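Multiple structures follow.
Below are two complexes that have chain A in common, paired first with chain B and then with chain C.
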Partner chain A sequence: MVTVKLFGTARLKFNEKEVQVEASTVKELTVVLAERYGVKAKDLRQFLIFVNDSNITALKMFRTKLNDGDVIMLLSPASGG
Partner chain B sequence: MDKLKDKSVLIVGCGGLGGYVIEELSRIGVGKLILVDGDVFSRSNMNRQLMAKEETLGKSKVETYAKRLGEISNCQVEVHSEFLTEDNTHLIDQADIVIDCVDNVEARFLIAKACKEKGKMFVHGAIDGEEGQVMLCLPEDNTFEKYYRAVDDTLRHDTVSYAVATVASIEANVAVKALLGQQDKFKGKLIIIDLESVFVKIIDLAL
Partner chain C sequence: MSTKFGAYCGKVLKVDLTTRKVEEYPFSDEERELFLGGKIMAAKIVYDNVTEKIDPLSPENMLVITTGPMNAIGAPCSSRFNCSTISPLTGYYTSSNCGGDFGLHLKRAGLDGLIVTGKSDEKVYLYVTPDGVEFKNADALWGLKTGATQEAIPEKGGKFVIGPAGENLVKYACVISGERAAGRGGVGAVFGSKNLKGIVAYGIKSPAVHDRDKLRQVNKEWTERLKAHPTTGNQLPKLGTAGLVTSMQAKNLLSTHNYRSGKYEHFEDISGETLHDEHLVRNSGCTTCPIRCARVVKVDGKEVKGPEVETLGLFGPNILNHDIQSIFDWNYEMDELGMDTISCGNTISFAMELNEKGMWDNGLEFGKIDNIRQIIDDIAHRRGIGDDLAEGSKRLSEKFGGKEFAMNVKGMELAAYEPRGAVGQGLGYAVANRGGCHLNGGYLVVMEGLGLSVNPYTTGAKAGLCAMFQDLMETCSAGGNCLFTTYAFFPMFLMNKPNGMIARIVNTVATKIGFAIALILRVPTAVAMHMPFNMLPHTKAIQAATGMKMTFGKFIRIGERGYNLERMIDVRLGVSSKDDTLPERLTTELQIATNPKSKVPIDKLKKKYYKVRFWDENGIPTKKLLKRLKIDK
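Entry: the complex of A and B
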C-alpha cells in the first residue's frame, strides 16, 4: 500500500488530498487512480509525479517500482493570487 | 539590509499576494518598487487583500499602495495603473527581479515569457484555498513552463487570508535572497505550502 498526496488541480478535481492505493509501479498507480476517479490514466500522467520526493523523470518514469510505505505526490499548480 | 537599497523590484499584481509582498519588501529596505496592476479594490477583496477596506473600494490598487508606502517607508515607488500585456513588457526592463502576484495562468505565462526574453529572474507564487507554491524562475531554466503543464484554471477554491500572507511572505523571502545573489539556494526548487495540514516542503523538480 502506498500513500498518494494530491495538490493543486489534482486535489480540486478529485476532491481528495490523500489516498491509500495498492500498486506496484507508477503506471499501475495511474491506472488504479484513473478508475477510481473516472478519468483517463494518460490525463493523470500530465501531473508531476514524485516518489519519496524524487521526480519520476529522475527515476524510471512510469516503470518506477513502488514499495509498501512509499509516498507519492501528484503535483499540479495552484493558480490564484 | 543596505544591500537592498539600490535594488528595484517589479510587482505584477497588487491584490492578495502583491499587497503583502509590497509591504514586506518596502519594510525590509528595497530601494524601489514598481507596481503594475490595472485593477481597483472591490468588496470581494476584503477577505484577503491588505489595503481593501471601506475607504479604498473602487480606488486604484497601485495608487492606494503608493500612498501606503509613503506612510511606512522611504522606498521609491513607480506605479502603472494597467495590466501587464505584450505591449508593455518594457516595464520589466529596469527591474532587478520581477514578482508574479497575479491571479490567472495567462498572465503568469506572459511574465515567464517576458522575463526569459529580457534575461530577468522572477519569483512565482500562487495560491488556492489553503495551499500554494513558490518558485524562483531563472531566465535560463524552464521550471515554470514544465510545472504549469497540468494546470486547470477553471477550478478554484476560495482563497484563505492566512494562505495569502504565508505564500506572499515566502515570495518576498525568496526575492530578497535572489537579490542578494543567493539564487542557487532556490534554483530548480519548488516550495509547496499546504496550510490545511500545516506543511511546507521544498522539492527539487529535477526536470
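Entry: the complex of A and C
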C-alpha cells in the first residue's frame, strides 16, 4: 500500500485529499488512479509527481519502483506567484 | 509638455510640500523611449535629482509615483503603478509596485507621474485632478487606519494612503490603495516623514493610443492567452499565490524556523489548498485583471483580502505557526496599520531567534502566537519592543547581534523562499537593487522548482538567467503590467507537461546555455531580435499603444538600462560588492545535512553575475556600459 496525497489542481480536479492504493511502480499508480477518477493515465502523468520527497524526474520517471509505506505527492504541473 | 507617443499623457508634475509650489517636470520623448515609464522612469528622475547620500526621512528625499504606457488603456493586468524613493529601510533606492486603482486615476487625471518633495508644515493629503493639485488638511485623518482613512476622505477617485505605521515612521511602512499595497522598502514612512497622509487622484479621460484597432486585437489575444495558460488561467485564479506553499514544501523552498529549513511538518494547515477548501469566500484581483489571484477570506465575520504566499510563509512556518486563521487576522491588521508583511514577519522571526539564543529577552517565541497580534500593533505605534522591531532586522542585529541569521540583504528582509533550495534565487536576493527581494532578484525560483525544474543547485547558467529575468521583469513593470503576465514567457507545453521530454530537455539545456543567452542579448544588434507573440505580448501591445517600435531585444535592453540605472543610484549611495551578499546561515550552513550542495555558493555566483552584467569586480557598472546604455553621456 502506498499513500497518495493530492495537492494543487490535482486536488481540485479529483476532489480528494489523500488515498491509499496498491501499486508497484509510478506507471502502475497512474493507471490505478486513472481508473479511480475516470480519466486517462496520461492525464495523471502531467502532474508533478514526488515519491518520498523526490521528484520522479530525478528518479526513474514512471519506472520508479514503489514500496509499501511510500508517500506520493501529486502537485499542480505549473505553479508560480 | 506633450508627447508624440500614444498612451502617455506627456506630463509629470512636481509638488514641493515645503513651499506648496507645483510645477511641471520636464520629461522628453527621447527619455520616454529610453526609460519607458513606471519604475525605470522613476529611476531616471531619482538619478537626476539625488546626487549624494541623503537621510531618507528628510525633506530632501523625493517620492516619485509613476505610471506606464500600459495603464488605463485596456491592457490586461494593467492597473499596476509604481512608487519609488530612497528607502528608509535600506538607505538605497527602492521602487514599490501597487495594484490599487490610484494609478489608473492618476493617469486619467492627465499625469504620467507625480513627484513629491519637501515636508509640509501641517498634516496634509493631496487631491490631484486634471485641474491641478490641491492641498487638503489631514488633521482629522491622522491616526486612522488605512481602510478608515480611505473611507473618511470625501473626494472620489483612486486613493493611496498610509496608516499609523507610516505616521510613526516604521522603517517598513507601506502605502495602501484600496486593499493593495505598495509594500516594500518603507515608502509609507517617507510619506509620514513629509506629513503626507495620502494622495487622491481623480480623472476620467484616458490618453489616446497610437493604433486603437490593433491594440484592441492584441489585448484580446493577450487576455485569451492568460486565461489559457496553466499558471495564469488555472493555478493562480484557483489557488492564488497561496497555492505555492505545497510546491515550496516539496522542493525545500519553504522558509521554516527562521530559515533553518525548507520544509515544515504542518505545511498543509497553511497551504493554498486548505485556504481554498476551508476558508475561501471568493477570488478577487486588481482592477483590469483577468487572472484574479487575490483571495477573499473572513476576519471577524468581515470579508477581507487574504494573505499572499510570502505572508503565509513568514507568519506560518518561519515562526512555527500552523494556525491559518491567525495569519488572516494579522495580514488584515498589517494592511490596516500600513506595514509590509514580509519585513514584519521576517523581523519577528529574527527576534524570536534572538530570544531563543538569550541575546534579547523580548517574550517572542517560536510557536507561541498569542502575543503576535499585540506585537504587530506595538510595532505600528512604536510601543515597547515594537519600537525596536519597527527598525527592521538589520538594525536589530546591529543592536543585539545575530547578523548571521538576520535574514536581510542590504537591510531588506527576504521573502519566504528559502534560497538554499534554489541557489539562483539566492544570487537574486544578494544582488537585487532594492535588497532582499525575490522579484527584483529575478525570481529564478520559478525556473528552479516552481514552474520548471531546472537543477536548483547548479551555478553555471544562473547568473545569466538571473540578469535576463531581472531585465525582463524590469521592463514589464515599467510598462504598467503585473509581473505575473511574464508567465507567458514560459510556453504552455512546458508548463503543462513537466514530465514530458521537451520540459526535461529544456530543464537540462537551461543549465548549460543561460549564460550565453544573457551575453547574446547584450550585443548591440540584439535590439532587433523578435519573439513569437505568445511568448511576450507586451512588445506588441506597447508598440500598438505608443507607436514606438518595440522588439523583444529592445524590451530587454530597456530593462537592462533600468536595472543599471537603479544600480548606479545605489552605487552613489554607497553600494558595492560587499553589500551583494547573503546572511551567513544561507552560505555556510547546509540546508540538508546529507546534501553538500544545499547552501548558496554566493561568491562563485556573484563573480559570474558581475561578468554577465559588465560590472567590475567591485560590482560597479563600467563607464563603457553606462555609455552603451545611454545612462551617461
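Please note the rule applied: the second predicted complex is superposed on the first by the 76 of 81 C-alpha atoms of A that agree within 3 Å, B and C clash if a C-alpha of one lies under 4 Å from a C-alpha of the other, contacts with A are read in each partner's own complex, and residues count from 1 in each chain.
FYI, contacts are C-beta pairs under 8 Å (C-beta built on N, C-alpha and C of every residue); 3 or more make two chains touch, one makes a residue touch a chain.
As the structure is a computational prediction, the values presented were derived from the model and not from experiment.
Of the two partner chains placed by the overlay, only chain C lies in contact with A:61; chain B stays clear of it. In the superposition on chain A, contact of A:77 is made with both chain B and chain C. In the superposition on chain A, no contact is made by A:69 with either chain B or chain C.
When both complexes are overlaid on chain A, the residue A:12 reaches chain B and chain C alike. By the document's definition of touching, of the two partners only chain C reaches A:49; chain B does not. Residue overlap on chain A between the chain B contacts of one complex and the chain C contacts of the other covers 7-9, 11-12, 17, 46-48, 50, 53, 55, 57, 73, 75-81.
Taken in their complex, chain A has these residues touching chain B: 7-13, 17, 46-48, 50, 53-55, 57-58, 73, 75-81. Within the complex formed with chain A, the chain B residues making contact are 13, 15-18, 100-105, 108, 125-129, 131-133, 146-153, 155-157, 159, 190, 192, 194, 196-197, 203-207.
Of all residues in chain A, only 7-9, 11-12, 17, 45-50, 53, 55-57, 61-62, 73, 75-81 touch chain C in the complex they form. Touching chain A in their complex are the following residues of chain C: 230-231, 234-236, 238-244, 246-247, 250-251, 271-273, 276-277, 293, 308-309, 446, 450-451, 453, 484, 487, 490, 495-500, 504, 507.
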